[in-house]
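Everything below concerns the one structure shown next.
For clarity, chains are labelled A, B, C and D in written order, and residue numbers in each chain start from 1.
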Amino acid sequence: MKKLINHPSMVVQDALIGFAAAHADLRVQHDPAFVARAQSPVQGKVALISGGGSGHEPLHAGFVGYGMLDAACPGAIFTSPVPDQMLAATCAVASDAGALYIVKNYTGDVMNFELAAELAEAEGYTVATVVINDDVAVRDSLYTAGRRGVGLTVLLEKIVGAAAESGADLETCREIAERVNANGRSMGVALSSCATPQAGRPTFDLGDQEIEIGIGIHGEPGRRREALQPAATIAELLAEPILADLPFQAGDQVLAFVNGMGGTPLIELYIMYAELERILQGQGITIARNLIGNYITALEMAGCSFTLLRLDDQMTQLWDAPVQTPALRWGR
Amino acid sequence: MNQITSNNLLRFLERAAARIAEQREELILLDSPIGDADHGANLDRGFSAVLAKLLAAQDQLPEQDLGTLLKTAGTTLVSTVGGSSGPLYGTFFIRAGNVLAGKMVASPSELAQALAAGVEGIMARGRAMPGEKTMIDTLAPFVAILQAGLSEDMAFSLALGRAIIAAEQGMRSTIPMQATKGRASYLGERSIGHQDPGATSSYYLVLALQEALVERVEA
Amino acid sequence: MKKLINHPSMVVQDALIGFAAAHADLRVQHDPAFVARAQSPVQGKVALISGGGSGHEPLHAGFVGYGMLDAACPGAIFTSPVPDQMLAATCAVASDAGALYIVKNYTGDVMNFELAAELAEAEGYTVATVVINDDVAVRDSLYTAGRRGVGLTVLLEKIVGAAAESGADLETCREIAERVNANGRSMGVALSSCATPQAGRPTFDLGDQEIEIGIGIHGEPGRRREALQPAATIAELLAEPILADLPFQAGDQVLAFVNGMGGTPLIELYIMYAELERILQGQGITIARNLIGNYITALEMAGCSFTLLRLDDQMTQLWDAPVQTPALRWGR
Amino acid sequence: MNQITSNNLLRFLERAAARIAEQREELILLDSPIGDADHGANLDRGFSAVLAKLLAAQDQLPEQDLGTLLKTAGTTLVSTVGGSSGPLYGTFFIRAGNVLAGKMVASPSELAQALAAGVEGIMARGRAMPGEKTMIDTLAPFVAILQAGLSEDMAFSLALGRAIIAAEQGMRSTIPMQATKGRASYLGERSIGHQDPGATSSYYLVLALQEALVERVEA
């Protein structure tokens, strides 16, 4: 394992130092660690607070700023943050309008945010929570910890961020978040695993001609292993379960998000986007908006994920609204 | 041993921290095929923090009741571990501490009762049952056998020894299981054939408990 | 080699199909291939045209749009485009105000753009050229093909793009471009090589504890091989030759650009940025602006480069001006 | 052979395309340690395009003069290869074509003169001299020895044979050289010890020329 780091134990802290130096409009606090808008709380505005293990950059800290998150809590690599972080972030950014916790559905994240909400409520804050579970690779929660929260997280944080910015109250924000979650589905593929700094070696090994289908964002193995295929075939393997699950239908307008897992060059993501577009066209589904790039990653894992979100007019409008964060910016 | 003191619990936490540090790599390795390769790092960070906290407060420790001690360990774990195991082990210690609140000493069966409450706490917090390939598969049989032994008036060290055997069997029983909770559940059938990292760390924790309590008996 | 591609020979073309599908405000033409603003030529505005081998994405096509390039010509992977492409792009986007060719200093790029300029001038277009050579890893042109054009290219395209957008004439654009080139320096490090689709294997091999210092953007070996070091040390290895070369001096205001080579996670780039900031602070140099991310890459190469640009007021103002391209966007 | 016809040149281009296709991987491999691993792919793309162009225009070819043929090859290379080798080999064929413009046949020394003009074109376009570890190190001695042989009234096939030997030596002479032009120059001293990919492709091109011209003699 070769990494541009000082020591495995210092990765998150050193990166936060760099993040603080780079983004003067954000406030970075260490111990408990969180990133928040420098101007916060914004009175009367619902505060959006997210967080999760580190190693998924730019998620979540890269999405703090106008029109998106108010604060993000970075845990250790691939490890949910602790409740103290969410509590400190809540105290820093929540106004009387309350706070919405945006949580990806992993056992650890859910429990730590639950504990944080209890603590914050005990201190008088109003907290609502949305748990994102868009990953169709995972079977339902009778047999599993439930579907994971993956690519849809980025879209949800943007859309609900715009709603909060426009003055929507906590319940409205929560409802929109639930609607986004209900209408979005994802699926990912890995061409390689990744090495966490603390482990020092790849979490799993893949043969020279093997891929893992149905991976999450923690370098973990997926649902099954297959032979490497051309991009067109891999795109089908990802798109089909997504389309069948909601199900998406002819006439739907969607936001198509092709996300890189961190180690795959952009040129390949555009190839995958071309294939996705072709598949959707064949089904009579229109891509009304798109996003292509490395937005929710698993360190240096090679691979990508597809996320489709069925749009309605309000979601589209909220997507188009101005946003100004380190990793997503338009309109200002 | 008829009475468990705060010194016993301190030694338990020291031994737990030492064992976790020693097994850090193994726990990371176990968390790789069916997890995300952080369990060893998570617990090492947490138990080191517990140890640091105890050392910093060394002077006041002898006066502290057993419940406070365990709850301090639990809240420290919650505040430093993160992931699934942070809230779970944290809850374990906090719930156990609740049972021993205000007590300066505890009988073996009081301790067993506290541990049982801890395991129930994990099951509640994690919404999990035995047989789902988690730490519960080590801890639940451990507590059950310990309580059974004590209720039959077995010597504490003997009851503990039997409970440890049950814990080890419980840990091994996770190998053929298909996970239905935690990260390993995402793998479906592919989770079969691997020992659960949390079940393994739990085994090291009960070994630490035995070391802390049984050595005293012999001393 | 595992890649999300259909066939090694189709990579560039398939990616362009995806690019066209994704960016409706751009016009993508195949054979000869170029990407241009949909609304072009912009009358009275100098047209900025760049291009180079593919595999450096988002460079250059990702920088076509308002406030930056008018057209970009993608060659085969790591291979300069052919003159026909630049000629066709010139015909598509150049008005009477003329065209500025932005060329990275590689023998192939320089020759192909030279040929293109001759052809375009023969057709009546006014063409000026700037050749970027910011890479301090390469010795001067007595012994080499001259310093390579690397990270500074991104900054130059942005700054000169803003100048052109604001109505600067061809000679002014060229002068600003030369000024940017004169005040910018770069240096890169690789933790791995990359595999071109046509070669199918990494261009060079690196040991488990080795890094290459002084690499370019084509997966080629660098100036020397060293043992892996902590991030702080690697940052020194990159920053020192940059600082000494211009030389940068206490009191300078700089734009600091930490660029990922494609396969390095963002979290590591922020660590490197933290180290760079520390070094510059120690020298009394102020980072007035920064850019951190994968902007000029070598496929999936792991590593990063530092670029420092000494700013003056005009450059700073042009950097801050609105830009709207697939890969760089702010202010609109 | 006293006269070179368009058929000879066609066969040369066919053989050149075939040899480059065969050596594609080798040329990529040579371009890896001191370049960017594309030389074989670049030239294969270019010469395939030349071949396709010639096949598409097959009917008109017999009426075309040698100059037009070579210039068509050259402009096709410029339009399809890219990189360094596109403009360089393109210039080579265009300049050689200029010398033979309007001619339906050429004498061996006229051909040699054309090739010499081609090499000068490369040197001008690339601003390079022999000894800089480039294709010039193969082509310059090739042309020099060919012209020298012909000026001594040596039989064409013999002169060509000697020139080929000089080309091979030239190619090999790039191994110990430190590059001062092209991508390999970035490596400084590390470029020493590797044979230049362009010098190697040039050698295959002159072998193709020999095949095209000498077989005819024997036929």
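One rule holds in what follows: a residue touches a chain if its C-beta (ideal position, glycine included) is under 8 Å from a C-beta of that chain, and two chains touch if they have at least 3 such contacts.
Source: prediction; values computed, not measured.
S.K.: Pull chain C out of the set; how do the leftover chains group by touch?
M.R.: Without chain C in the graph, we get A, B | D.
S.K.: Among the chains here, which has the CA centroid at the largest distance from chain A's centroid?
M.R.: D
S.K.: With chain centres defined as C-alpha means, what is the inter-centre distance between chain B and chain D in Å?
M.R.: Distance between chain centres: 76 Å.
S.K.: Indicate the whole-number Å distance between the mean C-alpha point of chain A and the mean C-alpha point of chain B.
M.R.: Computed from C-alpha means, the inter-chain centre distance equals 33 Å.
S.K.: Using the average of all C-alpha atoms in each chain as its centre, how far is it in Å between chain A and chain C?
M.R.: Roughly 29 Å, centre to centre.
S.K.: If each protein chain is taken as a node and each touching pair as an edge, is the resulting graph a line, ring, star, complete or other?
M.R.: Drawn as a graph, the chains make an open path, so a line.
S.K.: Name the touching chain pairs, please: which are they?
M.R.: The list of touching pairs comes to A-B, A-C, C-D.
S.K.: Along chain A, where are the residues that touch chain B in the complex?
M.R.: Those in contact with chain B are residues 32, 53, 75-84, 106-108, 111-112, 114-115, 137-139, 142-145, 148, 196, 198-199, 203-204, 216, 218-221, 223-224.
S.K.: Would you tell me which residues of chain A are touching chain C in their complex?
M.R.: Checking each residue of chain A against chain C gives 2-7, 11-12, 14-19, 21-22, 54-55, 57-58, 62, 191-192, 206, 208-209, 211, 228, 230-232, 234, 262-275, 277, 287, 290, 292, 294, 297, 299-300, 302-304, 324, 329-332.
S.K.: Report the residues of chain B in contact with chain A in the complex, numbered from low to high.
M.R.: 28-29, 32-38, 40-42, 45, 78-88, 125-126, 179-183, 185-188, 190
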